[in-house]
Every structure is written in C-alpha cells, then in structure tokens.
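Below are two complexes that have chain A in common, paired first with chain B and then with chain C.
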Partner chain A sequence: MNVGFIADAIPIYGRAIIVTLRIAVLGILFSLVIGVICGLVAYCKMKAVDKLTRGYIELSRNTPLVIQLFFLYYGLPKLGVMLSNEACAVIGLSFLGGSYMAESLRGGLEAVSKVQVELGLSIGLDTFQLIRFVVFPQAMAVAVPALGANCVFLIKETSVLSIIALRDLMSVTKELIGMYYNTTESLLLLVVCYLLILLPVSFGLTFLERRVRYAEFGV
Partner chain B sequence: MTAQKRDVILDIKGLRKSYGDKIVLNGVDICVERGEAVVIIGPSGCGKTTLLRCVNGLETHQGGTITIDGREAGSKNFDWILVRQKVGMVFQSYDLFPHMTVLENILLGPLRAQKRTREEASGQAIRLLERVGLADRVNDFPRQLSGGQRQRIAIVRALCMNPDIMLFDEVTASLDPEMVREVLDVILGVARQGMTMMIVTHEMGFARVAADKVIFMEGGVIAEEGPAKEFFTLPKTERARRFLNTFYFE
Partner chain C sequence: MRNSGFDVLLSLNNLRRLMLGLGGTLEIAAVSVAVSVILGVLCGFAMMSKNRAVYALFRVYLEAFRIVPILVWLFLFFFGSAIVFGANLEGWFVSVLVFSLWGTAEMGDLVRGTVLSIPAHQWQSAEAIGLTPWQVRRFVIIPQTLRRIAPSAINLVTRMVKTTSLVVFVGVTDILRVGKQIIEFNMMKNPMASFWIYGFIFLIYFLICYPISRFSKKLEEKWSY
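Let's turn to the complex of A and B:
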C-alpha cells in the first residue's frame, strides 16, 4: 500500500467528489420535479398529457443511462445542440430518475384511499387544494421509502458518467490507474468516496422513513 | 294553512340514479325546510347512502332535479365546490385526515375552501369542540382518538363551515356500541339548535326523538313519509310496519 500516493491523491478525489455530488444533487432534485409532475398527471388521469408522460416513462426506464448519455453528449451536437458534459450528466440523470420517481410517487398517490378524497371534496376543497392538502402529504408518507431507494440508485448511477469525459470519481480513478498503476490504492479511494456519500444518505433515509412511519397515522 | 312562504333549503324532485343497469333511486321527492330534521330509514341497499351522496355531488344523477338554496344542480351558476361548503356531510366511516391534528382537520375547510381567517375560524372550532367535550384534544392526531371521538370531531369539522344543511349517513353504524350514545347526543344537540338536517340511521330510538319528519325508503323509492310521531306509533303501510318490527323483540 503506497501511503504517499494516497495522500497525494486525496485532494484530487476531493474535487471529484464535489463534481459527483453536485451532479447527483441536481439530478435528484430535477428527478423529483419530473416525478411529481408525471405522477400527478397519471393520478389525475389527464388524458392528452398522460400518453406523453407514459411514453417518456417507458423510454426512460427501458434505456440504459450510458446510452442516454451517449445520445446527449455525442448525438445532440450532430443536431446542432451543444451541451457541456456536466449539463449532459444532470439532464441524463434527471431523465432516468424522473421516471423512477414518477412510478414511486404514483404508487403513493394510489395508496391514498377514495374516502380521503371524498372527505376533502365534501368540505368544498377544489382539485388543487385537495391534492395539495389531503392527497399529496399522505402519498408522500407512503412513497418516501421508494423515493429514498431511487436517490441511492441515482447516486450509484453517477459511476457511469465518466464516459462523457466528466472529472467525476470514476474517471479520476481510471486516470490515476492509467498514469501511476496504483490500482489497489485508487480503487480503495473510489470505494471510500462512494461510501462517504452513500452512508450518510442511507442513514438519513432510514431516519426519515422512521419519522414518516411514525407520522403514518393509521387507523 | 297560512300563505307564509316556506323556506326550502333542499328540494329533490323525481331523482333517478342508476349504476349501469341497476336502478338505485327511482324517482325520489324530498323537500327539506330550514330548521327541519328529516330522518331517512329503510332496509340496507334501498339507496339511502346514494341519495345523500347525490345531494352533495359525490354521485351524479340521471334524472330529476336537486335544488339547493334555490339553485338547481347542473344549472349555470351552480358550483358543487361552493355548494359543498354549505352542505356538511358526515360519513359512516369515522375518518379524519390522518396527517393533521384535530384542529387542522377542522380548520382545513374554513381556511382553505372558505378563506376565513385563522383567528376567527379557530375561535369557532374551539367553541364547537367544547360543546362536544373534546376541547382538550385539539392538538391530538386522529390515531390517538377513539372511533366515537373521531366521529364527534368529524361532526365539528362539518359544523365549523356554518352549513345550511347537514347530512348524516349512518354515522354510528361502524362504532362500538358504547360509543354510539355520545355521537347521537351531539347530533341531537345540533338538531335542538335548529340545524337543518337529513339523517340516515338505524337507531330507531334516536330517530323518534330527533326527527321532525320520517321518510321510509324501499327499493329506491319513498314508501312512506310523515311526521315522526305518527310514523313511529302508527305507520300507514304494511311494509313500514314490518320494517319497524325488525327492531323490536316481543
């Protein structure tokens, strides 16, 4: 084990962690936004838009992220759309995550009983108020574990971002191995970095789930 | 008979409702005046719940008219969202919003639907809670309450919207027997204060004291109706007599 190498490499990994984190956070945020929109469209059975979001969800779930990234980074410029590699990464991750979030949220929305909807209607709430104050909070409580699992999944998916020349954890590792042949040390640092990101996230989610389950009211 | 104008809050004429081929309401006429308590009884499946659900627009009807406060459902300036704010409904399942405290449950309609101020509405909510003996539970969550307590909160939730009429659909039918009384007492209190009500119930003792008028339904039509005293002491139809007899042991 080359301790000197590890010490020298830590700042490089530090910068790469920030890149990976930035993309993961943005990707997760946009995924949630897309998920909420598509989930609500499915729940409200908005006819015209529903076909569109269904199509998106099928497309997104049934193509690998690598291929989505290839298309964004190498395909789009041929059509005249140039995006930075970080933008591609965020868009690719959101495109993938959006459908997963949508499906999880739809599960939560559909778990809210019809009685709750009728109660809301019976006190004169309009559709927007009904969703905002009655349906959505209860759906979120049900969906939190699945949404959390999606977050972990998306963070893990960032490991394929190196194919579009992003200086994230994976590509830094490949680079160092290529230059110095310190394979063991480099991979060890990579694993440690991902653990550093994912362990707190997992603990946070467990805590959140417990909170939500406690608030999960039940009869 | 005086020529005095009747103050009709709810006027149902020739109401028809079917699910697919199954006719559930087959021409129902009911007129409810302000301050009147109308009790609807009848065998299970005769359409009582469906009738109430039509009155606050949870079901659509296929024929006849429903006129609430002078406006006919489906007509131009009729809006169910506004009408429901004036038609309180309490369901058989004693459900509250599980993610909200008692106070939030009660205030959701007044604050969001009616856009009243929190100060004014919560004042009224507390007064109503005191009346049903649950003022100390304002900050509890529904899961901490018994069925009877929840149903009393559900009644307060509807009352806090200052409705013109209240609809009660077998509100004690799912409760444990020892909790039935506390809920019926609350409804009786509300009736005594002059609230206009349409009550579906199988509690005949309660119906007898709460009702001004009794409507006996069977098979989607009104089989008999009349003042409560007359109906319970001397029902006119054989069917009503037989139905009432099922509640007594000889």
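Let's turn to the complex of A and C:
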C-alpha cells in the first residue's frame, strides 16, 4: 500500500466526488419535478396526457442509462442537438429518474383512501387545499421510502457517466490505474469515496423514513 | 430516405453483427440469471437460519452489493483479480461473476422475505389436517411462495438484463461496442450512422425489457391478494 500515492490522489478524487455529487443532486431534483408532474397526471387520470406519460415511463424504465446516454451524447448531435457532457448527464439521469419517482409518487397517491378525498370535499376544501392538506401529507408517508430508495439508485447510476467523458470517480480511477499501476490504492479510494457519499445518504433516509412513518401512524 | 443514413441499419451484415453482440450480452444475462435463481433460493433458505452469525453474514453480503454500485464491483473484480489471483480474469467471466453474486444476494432476500410473509397459520393448518412435513411444503408453502415471488423475481430479471449493458466497461464485445465499430467504419460514408445505430440499440433494449416487465405486472395483478 503506497500511502504517498493515496495522499497525492485524494485531491483528484475530491474533485471527482464533487462532479458526481453535482450531477446527482441536479438529476435528483429534476427527476422529482418530472416525477411530480407524471405522478399527478397518472393520479388525476388526465386522458390524453396520461398516454404520453405512460409511454415515457415505460420507455425510461425499460432501457439502461448507458444506452440512453449513448443516444443523447453521440446520437442526438446528428440531428443538430448539441449538448455538453454535463448537460447530457443531467438530462439522462432525470430522464431515467423521472419515471421511477413518478411510479413511487403514484403509489403513494393511490394509497390515500377515497374517503379522505370525499371528506375533504364535503368540508368545503378546494382542489389545491385538498391536495396540499389532505392528500399530499398522507401520500408522502407512503411514498418517501420509495423516493429515498430512488435517490440512492440514481446516485449509484452516476457511476456510468464516465462513458460520456465526464471526469467522475470511475474515469479518475481508470485513469490512475492506467497511468501509475497503483491498482489497490485506486480501487480502495474508489470504494471509500462511494461509501462516503452513499452511507450518509442511506442512513439519513432511514431516519427520514422513521419520521414520516411516525406521521403516518399519528393520523 | 436518401442521405438520412438509415440504410446503415438495412445492411444485413451490420444487423447480423449487432445481433451477435446482443447475443453475447444476453448470454451473460442468461447465465447470471440462472446462477442467481439457483444459488438465490439456497441463499434465501440459509438467511432464514436461526443462527444470528449466519444471518449477519448474509446481511453484510447483501448490503455490500446494494450500497456499492455494480460498476464499482465490476472494476474491483476486473482490476483487482490480478492482485488477488495473480492472473487477469476475462471481462466475460468477471461480468458473470459479479452479476451472479449480486443476483444471488437480491434473489436470496426475495426468497427470505416471501417465505416469511406466508402466514404461520398456513403451516399450522396444513399440519393440523395431517400433511407430512414434505406435503406441507409441496402442496401449501411452495405454491404460495412461487405466486408471491414471481412478479418481483421477474422484475429482478429485467434489472439484470439492463445492468448487463455495463459489460462494455470491462471490455466485453457487446452490442454497444459493435455499434461503435460500425459507426467508425461508416464515419466518412455515413455521418448519420451514430443516430440510427444508437437509436436502434435503445429500441432493442426496450423491446427486450418491456415484455418482461409487462409480464411481471400482469402476474402481479392476476395473483394479487
């Protein structure tokens, strides 16, 4: 184990972590936006749009991120759509994550019993109030564990981004192994970096899950 | 269709090569799924053992594969094999190994969760009407377990098929690599090739995974309790 090499490599890995995190955070945020829209469309059964979002969800859930990225990064420029690799990464991740978030949200929304909606209406709430105060809090209690699992899933999926020449953890590792043959150290740093990102997220989500479960039983 | 570059897909030779690449990927998926199902069932029963140490061991194994991305595992085995075994493992072998280890862990957890979800009164009533332990399993527990596990197990298969797209990272000649070769070969003649080839690969993956996940959803609806 070459300690000097590890000390030298830490700043490089630090920069790569930031790239990975930036893409992951942006991707998760946009996924949530797409997910909320598609989830609401499915819940409210808007006829025309529902078909469209259904198609999107099936398309994105049944194709791997690597293939989506290849198409976005190498295929689309031929149609005149030029995207930087970071933009591609965020778009790809949101395209993938949006459908997962939508499915989790829909599951949560559908778990709210019809009686709750009818009662809300009967005490004179308007649609916004109904969603804001009655449906949403109860749906979140059911959906948060799944949404959290999606976040972890999306962070893990960022590992394939090196395929579109993004300097993330994987490409840095591959580079260092290729240049200096310090395989053990590079791989160790790679795993440590991913654990540094994923373990706190995973623990935080367990905590959050307990909080919303508490809300669920408090009703 | 002149100059649209679509004809790159109409060339029989190109299509044949893409399909061969796809075959390689699906072969990895099929072998890993088969290994995962067999070992996963064994692993699932082992996980139900009363022994705390055995359970803890499987838990660590499962969580390790859940928390660390599969691609990182591929790298660990691909680059790490030389250090541990003193020999390079081939990309194909590394892929099958990693996917099987992952699939076994996931499948084991599914089996454990499903068998435990069968209510205790099913065991008790079966014994009460005089079935032998073997008959209890054969006619009561296994049929119910199979029904409950089928949708999520099939779901795991689609996840594994999608994950096999990662083999390109460890140098396996899969459909993506073949596509790349075709695009580079046609670079001058047909600059539009990358759009069609990658679009085609995108569609192929969808056409493989969609029916499987559709089937799993159907089963779920049909057998939901």
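The rule is simple: the second predicted complex is superposed on the first by the 217 of 219 C-alpha atoms of A that agree within 3 Å, B and C clash if a C-alpha of one lies under 4 Å from a C-alpha of the other, contacts with A are read in each partner's own complex, and residues count from 1 in each chain.
By our rule, a contact is a pair of C-beta atoms (placed from the backbone, for glycine too) under 8 Å apart; a residue touches a chain by one contact, two chains touch by 3 or more.
Keep in mind that what you see is a predicted model, and the values were worked out from it rather than measured.
Undergrad: Putting chain B and chain C onto chain A via the overlay, clash or fit?
TA: Chain B and chain C fit side by side in the superposed model.
Undergrad: So, does A:129 touch the first partner chain B, the second partner chain C, both, or neither?
TA: first
Undergrad: Can you pull out the angle centred on chain A between the C-alpha centres of chain B and chain C, to the nearest 10°?
TA: Between the chain B and chain C centres, as viewed from chain A, the angle is 110 degrees.
Undergrad: Using the touch definition from the top, say if A:2 reaches chain B (first), chain C (second), both or neither.
TA: neither
Undergrad: With the two structures laid over each other on chain A, which partner does A:199 touch: chain B (first), chain C (second), both, or neither?
TA: The second partner, chain C, only.
Undergrad: Between chain B and chain C, whom does A:62 touch in the aligned arrangement: first, second, both, or neither?
TA: Only chain C; A:62 stays clear of chain B.
Undergrad: Classify the contacts of A:137 with the two partner chains as first (chain B alone), second (chain C alone), both, or neither.
TA: Touch status of A:137: first partner only.
Undergrad: Spot which of chain B and chain C makes contact with more residues of chain A, would you?
TA: C
Undergrad: Aligned on chain A, what is the least Cα gap between chain B and chain C? Give it in whole Å.
TA: Distance of closest C-alpha approach: 25 Å.
Undergrad: Touching chain C in the complex: which residues of chain A?
TA: Listed in rising order, the residues of chain A that touch chain C are 58-59, 61-64, 66-68, 70-71, 74-76, 78-79, 152, 156-157, 159-160, 163, 170, 173-174, 177, 183-184, 186-187, 190-191, 194-195, 198-199, 202.
Undergrad: Would you tell me which residues of chain A are touching chain B in their complex?
TA: Contacts found on chain A: 115-116, 118-126, 129, 133-134, 137-138, 141, 215-219.
Undergrad: Mind listing the chain C positions that touch chain A in their complex?
TA: The touching residues are 5, 67-72, 75-76, 79-80, 82-83, 158, 162-163, 165-166, 168-169, 176, 183, 191-192, 194-199, 201-202, 205-206, 209-210, 213.
Undergrad: Under the stated contact criterion, what part of chain B meets chain A in this complex?
TA: Residues in contact with chain A: 56-58, 81-85, 88-89, 91, 93, 95-99, 108-109, 112-114, 141-143, 157-158, 161.
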